[in-house]
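Chain nomenclature is as follows: A, B, C, D and E, assigned in order of appearance, with residue numbering initiated at 1 for each chain independently.
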Amino acid sequence: MTNHYIDLKNSDCILIMGSNAAEHHPIAFKWILRAKEQNGATLIHVDPRYTRTSARCDFHVPLRSGTDIAFLGGMINYIIANNKWFKDYVLNYTNASFIVGQDYFFKDGLFSGYDAKTRKYDKATWVLEKEGNGIPKRDMSLQNPRCVFQMLKEHYSRYTLEKVSSITGVSKEDLVKVYAAYSATGVPDKAGTECYALGWTHHTTGSQIIRTMSIIQLLLGNMGIAGGGVNALRGEPNVQGSTDHAILYNILPGYLKMPTGSLDTLEKYLHKCTPESKDPQSANYYQNYPKFFVSFLMSMFHDKATKENEFGYSWLPKMDDGAAYSLMHLFDKMYEGKIKGLFAVGTDPAVSSPNAGKVRKALEKLDWMVGENIFNNETYAFWKGPGVDPQKVKTEVFLLPASASMEKEGSQSNSGRWVQWKYKAAEAPGDAIPVGELTIKIMAEIKALYAKEGGVCPEPILNLKWDYTDYKGRFDSLKVAKQINGYFLEDTVIEDKDKKTKTEFKKGQLVPTFGNLQLDGSTSSGNWVMAGSFTAEGENKMAKRGKEDSTGLGLYPNWSYAWPVNRRIIYNRASCDVNGNPYNPKRKLLAWVGDKWVGDVPDGPWPPQANKEKGKYPFIMKQDGLGALFGPGMVEGPFPEHYEPLEGPLAQNPMSSQRINPAIKIFNSELDKVANADEKFPYVCTTYSCTEHWCSGAYTRWQMWLLEMQPELYVEIGEVLAKERGIKNAEKVKVSSVRGEVECVAMVTKRFRPFTVEGKTVHQVGLPFNYGWLFPEGGSDSTNLLTPTVGDANTFCPEYKAFMVNVSKL
Amino acid sequence: MKKKSDNISSMQIIMERAIEKNPHNSNVIKAFSPIFIVRNQLMENLRLKKMDSFCFDEVKFRQGVPLIKQGSLFQKDDPWKDIVVELVKSAKGAFPNLRKDWECIESAAVNGNISIDDYLRAVPETEGVVNDWAAKVQASPAAVNIVLRQLARIILEARLKDIAKVIQGIDWQKGYCPICGTHPVIAQIQEKIGHRYLYCPQCSYKWHFSRVICPYCEHHGQQGMDFFFIEDNERESVFACDHCKRYLITLNQATNLNDYNLDVSAISLIHLDFIMQEKGFLPMAVCEWNIFQGNEVERQG
Amino acid sequence: MEITRRGFLSLSGVIGSGLVLSPLGIDLKPMMAYAEELNKMNRIKAAKQSTTVCSYCSVGCGLICSVDKLTGKIINMEGDPDHPINEGSLCAKGAGLFDTTEANKHRLKKVLYRAPMSDKWEEKEMDWALKRIARLVKDTRDKGFVTKNAKGELVNRCENIGHLGSSNVDNEECWLMSVKARALGLIYIDHQARV
Amino acid sequence: MKKGMIQATDAFERITHWLLAISCLVLCITGLGMMFHSFNFVGTMMGGLKSLKYVHNFTALIFIVALYMAVRMWWKEAGVFVLPEDLDWIKAAGGYLWHVDKVPEVGKYNPGQKAFFLVVALCGSLMVVTGLIMWAPLIFPVWLVRWMYPLHALGFVAIFSFFFVHLYLGTIGSPGSAPAMFSGWVTRAWLLKQHPKWLKEMEEHGTLVVYGEEKESIEHGH
Amino acid sequence: MKKMELVKLIDTTRCTACRGCQVACKQWNELPGLKTKNWGSYQNPPDLQWNTWTLIRFNEVADKDNRVKWLFRKDGCMHCTDAACVKVCPSGALYHTEYGTVGIHHERCIGCKECMAACPFEIPKYDRDTDKVYKCDLCYSRIKDDQQPACVKSCPTGALSIGAKDAMIKKAYDRVKKLGGDANVYGDQFVDGTHVIYVLQEKPEMYDHLPKHPRVPFSVVAWKDFLKPISLLAAGGVLAGSFLHYIIHGPKTPDDIQENKTQGGE
């Protein structure tokens, strides 16, 4: 989240779209209700289905799954057409005034530089013109037809009310009602925020949906202010922490880029990954990239990493350029028999990954699988699953008992970037030990084997620093936390030019902030973003419980540690005008007083933008320091464009001749069938969770009181559709897609309504995905037997929320 | 405001319920009940003059300086004389065997050679003043102490409303009372959302304090903050800090379904005091009823 | 002026000697007898408090665990009233977090092992399992290690082992798993954050 | 048994009567025990109110059988009012309440007894029906079950009060009647007084059975 | 001694149906979660049962301009002042506590199920195995120990609160005034006031299983207020009558027959 949970109370208008906060984030919803009580905030819920969130919001607007970009595109069009945008903010803090390169164009759904064969864009043409001295050209009057603002206006002028209404199935009145209510926050003293969750990320255009919302927030001046921002209500307790520490194929801890084959030397890699900007006012903070990367390598290989061996750069595995190794790719390769071993730690892919049928078939091809969890689940017991003959499955499966969260000490980051330390309350039952200890012990055994017998490329294994146990040989999370924070490996002197101060640090002292990291290998930091979670003297800031909240905005700066550098709201410099006076004095997040910022930890100490020599633009992490209306970073285009889901009800995309997102990867094993606009599967289907169960249900299905409240799989069907198909409430039905089918109970409800899309009636149904065959016995199997193996173009986040099914009586 | 008799009768109901719940402490409760009754009566008809100007320094307050250290909470013309007379009258009933002391104190109060001010200014560390008073008045220090403490308590409690207004809404994160600097004698954890409120025996002020930090030595509770409770009655527990060896009786999960009085609750749980002192802990606030063995008392906290 | 905690302590810490209860002539015998009886039947329970964070959704609500010091078992979990996000309240799942502790009989306690072709779990010792896993990892890695890719670039990666880590474990454990996977050369690394 | 006594009831009638009477009595007592808190002591005597409920329910089964047999047996004689004579008897209240010179002669059952029989039959079956429904209320709709309780109570009022009348008139109210139901033999004087017409009928049809005189006994028509 | 009358206020406009109260009630009263099946609604178990003393009822209604509304209502014993169940209970298992709520002595219950028919809200439920009836007793064991009921303690959104009768009723009417529209207070106007009152968003008849005018059924009144006394009166009357008859009129004794069979008897 750019802001955090308590900050929701500061908002004047909350758009809940792509999330069901009341059911899945009840305490976040408490803050949303407090915004309504304290400052009369308008709560809007936009969701295909009327849910418990809608029951408590001011109004609910149903839209067809997979059409979020059309809906938001219409809002951009409305904001610009009705002049609701925040002029001062857009001019100074976004790249609206930049001039787009001449040979960039957009025609009929495709941007310039598209290669249909590889389904990839060559982004060479998506550039912004620069002056001779490398500083971007700007037309502050925003009249130049090639300026970003005009290109944006022209791009979204196609999203007229009629077109959007016919795509999304939302009536024009509802559209205007939402647009008007939300765009009213485009004024200095009002703040609007958006809460989204998997409802947005589970689409082939997921990243672009979120980008569209960030464009809206930039236009309305809601980014970086209290009660604003784009807030992801994520689903797992430490999903923010696991993303920061990058258990992901494409990044290293601290969002550092994973090296690829072509970058065979450290120098080449650093050159490619370190952006530089000629504009003195752009902080371009990522220019410090080399310091972070070298410090990371030092944290892995410690004294074995030297300048000579490029700090062990060659020991890191390299990806092939342009290749991807996401969960879907893993199971695709596993299905081909190329994957022999699998670690499945605290996860249940047999229920929660798309096209679960293919996943379960793939698991049978494994030689061995190591599971670490607190409960058994469908993945570990796949060989006992329905339609599987154990005699034919050669996989050796280990299921190691793990400690639950209150049985181990450690830190957990909530999605508001608060890293909170938690203490060990009790011993775990039986032989269960923390996952950390299992990891340490397994790796220690592997290191011993390689030390004794050698093997292929043993250097990275042998040189890995791996002494993270206490004197009793048990996992010491504090030692690891300090290693993540980072140490000075030599006595170093840090002098601060403007403050003219010199501080020296002893060897072995903790790094107080990532500003002190060096690129010569004299400092180590497991994750530069987390550097600063300890003070130089070793005080663990994550365990702080200070209740002071001087600004009254609920920042609580002394409660736990918020990365980066305890900044509670990102891009908070944008909450002030160019001279450093807060736009909204009532909610003062930051103010330039005398010669320093007062309030939240500022985005960098530099004076405000108006000070030409030392002042910096607010978006310090961006290369040119300004909010990106024109965002060339995305793989499928600088401006988000509506594309239909991979499997949708329409034969072609009403907006352009490109039916689906041109940049997504298409999997084509024989189990990856797709049935678009197929009368055998006429209904749009979406999946979601329910309050009583959590994610794959592998935690909550074992608890009798929760299972009693939601015992088995159900499909929610609108009354009109049910009457049409003669399905009665509570009747057993079969929901089938081209990939698989599942039996469940029909829940006939008023909360799903048919949509009129492109003139014809489209029905929508929905199923929860929390069930699996293992428990309760004889219960329903997993919904994900229906979902397609396709994901977002940038992140490969699977498209669970929009595919086509048929519902038939048993 | 409840009618006069109402207030007294509700106090009686609370006392009866306390005795009913803790029969083994009934004689202590009965002993102190006249004091409570008279205190309530005095609270009824005591009209204290408004405090004149009070130089309140918020910065110092935020750093932990209580009001009593920033200025005098007592007025010259507070009717302390007739308060003492009333107190002594009820004390005669409460503690008959100290009859001699009460008479001396009463006579001393009547002919005025007791000066209250230096006692009141000395709160909360009043030991010195009490001892030399006891000598001057030839009464036992215990008796003198009871009268003076109750005197200060009545004045502060009567004036509490407009004293508390001064510090309204200012965050107080210390374990001792923001008004008179005394440590709490009993804590109360609310039922629904388990906020902990500390209760000051000297001025009956109640303030919110963290659950996992020791109010006495502000040691961070993760390792040291244990609590003891009786097996089938988690409601009455005692929080103890290994760091400073102090304990605090805690009414766990109290709601406002029935009205209650924290002084009475503190007295009716002195068996917990006794147990904890045997375990080598000391109470955070020493009051008339919660110290048993004379000798250990000297050991400094 | 900064009141040091030590300074102020001397102000209020003194114990008035004159306060002892006994001279007041109150008969304390019944109370002492009751206290004795409680001690004898050891009905006085000692418990320890520690704070933790909920392990369901990512709001990060705080909880207070009360643990019986004698048995070491968690006896109660309630919302942490000082926590600024949930201010002591919990949702239905958070309130039921107690059911993920040892109290739930479905919790895994022993290492379960399934031999190839077998149709049942067997219980095994932890050390044996760890050694066996290390053996399997080494053999599989050595067999499938790719030093140079098709284009001849040095890649040093192990393509035949996948790692699905978890977003339901602590940060330190995530970092260890991420670093271990990179040291082994794994590239098929993913977890629920992407799902 | 003195000579000259006449048989009024045969064994079967007596068994049915007493079966019915005792079960009805037990039902009344246990019913009272459940209806009034003050009578709960009845329950404690029987080992708790729950066992009281079981006693009540199972005695009811016996009551049902007994009632059925009684009604089947006595319906013809006691269930039908023979209008002219019975009406006079009623007008004269059978000579019980006020002095009547000539009490109309009565057959085997006088209208009072017929009325009692009808009350027992009707209210009895009412009690049975409502009782069974009350025994398993979950099967029936709530609005129906709700009315069972007052009807059951109404039936109780009728039977209970009429029972006392029957008790009184059957024992001390008209001496000599009790043996009719105990031994089955009554004195000729009693018959003459209570049921003169029945005496004449028996003599005419030769169905008179006199103790001590050997006579082939004719099978009674049931 | 009489403690103050307590009332639990259920503000359905704040309820998000997270069902924390349903779980908390089962946790405190140690009621098992039984096997249920999905009967086409989020509401599960489908109705109050012997092991489910409180239940969130979901019902979907479409209002006049055909907009969907989803109404949640926490069902359970209303703790009536004039309680039909206490009136009919033969064994005194159901009784009024000093807080005005309706308590239940499980050991006295004989499973006669009369209260099930008598209750205007159809709340008490029967358990076949223990042959006893169960219902919410407003956590009498907790209230006596000065604690809030388990459901009130667990409610995260503040929809449930408990307190003195008049304070809660005032709070309910203030909330209704603030809400406007069809919002109304339900409960204090029936059966001499219930100790559980609702703030309803819509009119009562929009909520399922919520009677419009709940009152003690006429059958119970007829039974307990009229027939019960009458039965004693009647029996007493007849006994007295018989006794008087015996004294005044005397028994109807057969004349002693002289051998000559004279027509006898007065």
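Keep this in mind: a residue touches a chain if its C-beta (ideal position, glycine included) is under 8 Å from a C-beta of that chain, and two chains touch if they have at least 3 such contacts.
This one's a predicted model, so the numbers in the text were calculated from it and none came from an experiment.
Colleague: How short can a path of touching chains from chain A to chain D be, counted in steps?
Modeller: When the steps are counted carefully, the minimum from chain A to chain D is 2.
Colleague: Name the chain whose C-alpha centroid is farthest from the C-alpha centroid of chain C.
Modeller: D
Colleague: Please identify the chain lying most centrally, where each chain is represented by the average of its Cα atoms.
Modeller: So the chain nearest the centre of the shown protein is C.
Colleague: Name the chain whose C-alpha centroid is farthest from the C-alpha centroid of chain E.
Modeller: A
Colleague: May I ask which two chains are joined by the most contacting C-beta pairs?
Modeller: Greatest count of contact pairs is found between chains A-C.
Colleague: What's the distance between the Cα centroids of chain B and chain C, rounded to whole Å?
Modeller: 40
Colleague: Report the inter-chain centroid distance for chain C and chain D in whole angstrom, where each centroid is the mean of the CA atoms.
Modeller: About 78 Å, centre to centre.
Colleague: So what's the Cα centroid distance for chain B and chain E, whole Å?
Modeller: Averaging C-alpha atoms per chain gives centres 46 Å apart.
Colleague: Using mean CA coordinates as chain centres, what's the chain C-chain E distance in Å?
Modeller: That gives a centre separation of 45 Å.
Colleague: Return the residues of chain A touching two or more other chains; collapse runs of consecutive numbers into ranges.
Modeller: 26-27, 30, 423, 545, 547, 691-692, 703, 705-706
Colleague: Which chain C residues touch at least two other chains?
Modeller: In chain C, residues 50-51, 82, 89-92, 96 touch at least two other chains, as defined above.
Colleague: Residues touching two or more other chains, restricted to chain B: which are they?
Modeller: 192, 210, 212, 222
Colleague: Please list each pair of chains that are touching.
Modeller: Chain pairs that touch: A-B, A-C, A-E, B-C, B-E, C-E, D-E.
Colleague: Which part of chain E faces chain C closely enough to touch in the complex?
Modeller: 18-20, 22-24, 27, 154, 156
Colleague: Mind listing the chain B positions that touch chain A in their complex?
Modeller: Interface residues on the chain B side: 171, 173, 210, 212-213, 220, 222.
Colleague: Can you check the complex and tell me which residues of chain A touch chain E?
Modeller: The contact residues of chain A facing chain E are 22-23, 26-27, 29-30, 33, 50, 52-56, 60, 690-692, 703-714, 729-731, 744-751, 753, 776.
Colleague: Quick one: which bits of chain C touch chain E in the complex? Just the residue numbers, please.
Modeller: Counting only chain C, the residues touching chain E are 89-92, 95-96.
Colleague: Contact residues on chain E for chain D in the complex?
Modeller: Against chain D, chain E makes touches at 88, 90-92, 108, 110-114, 116-118, 122, 126, 131, 217, 219-220, 222-223, 227-228, 230-231, 234-235, 237-239, 241-242, 245-246, 249, 251-257, 261, 264-266.
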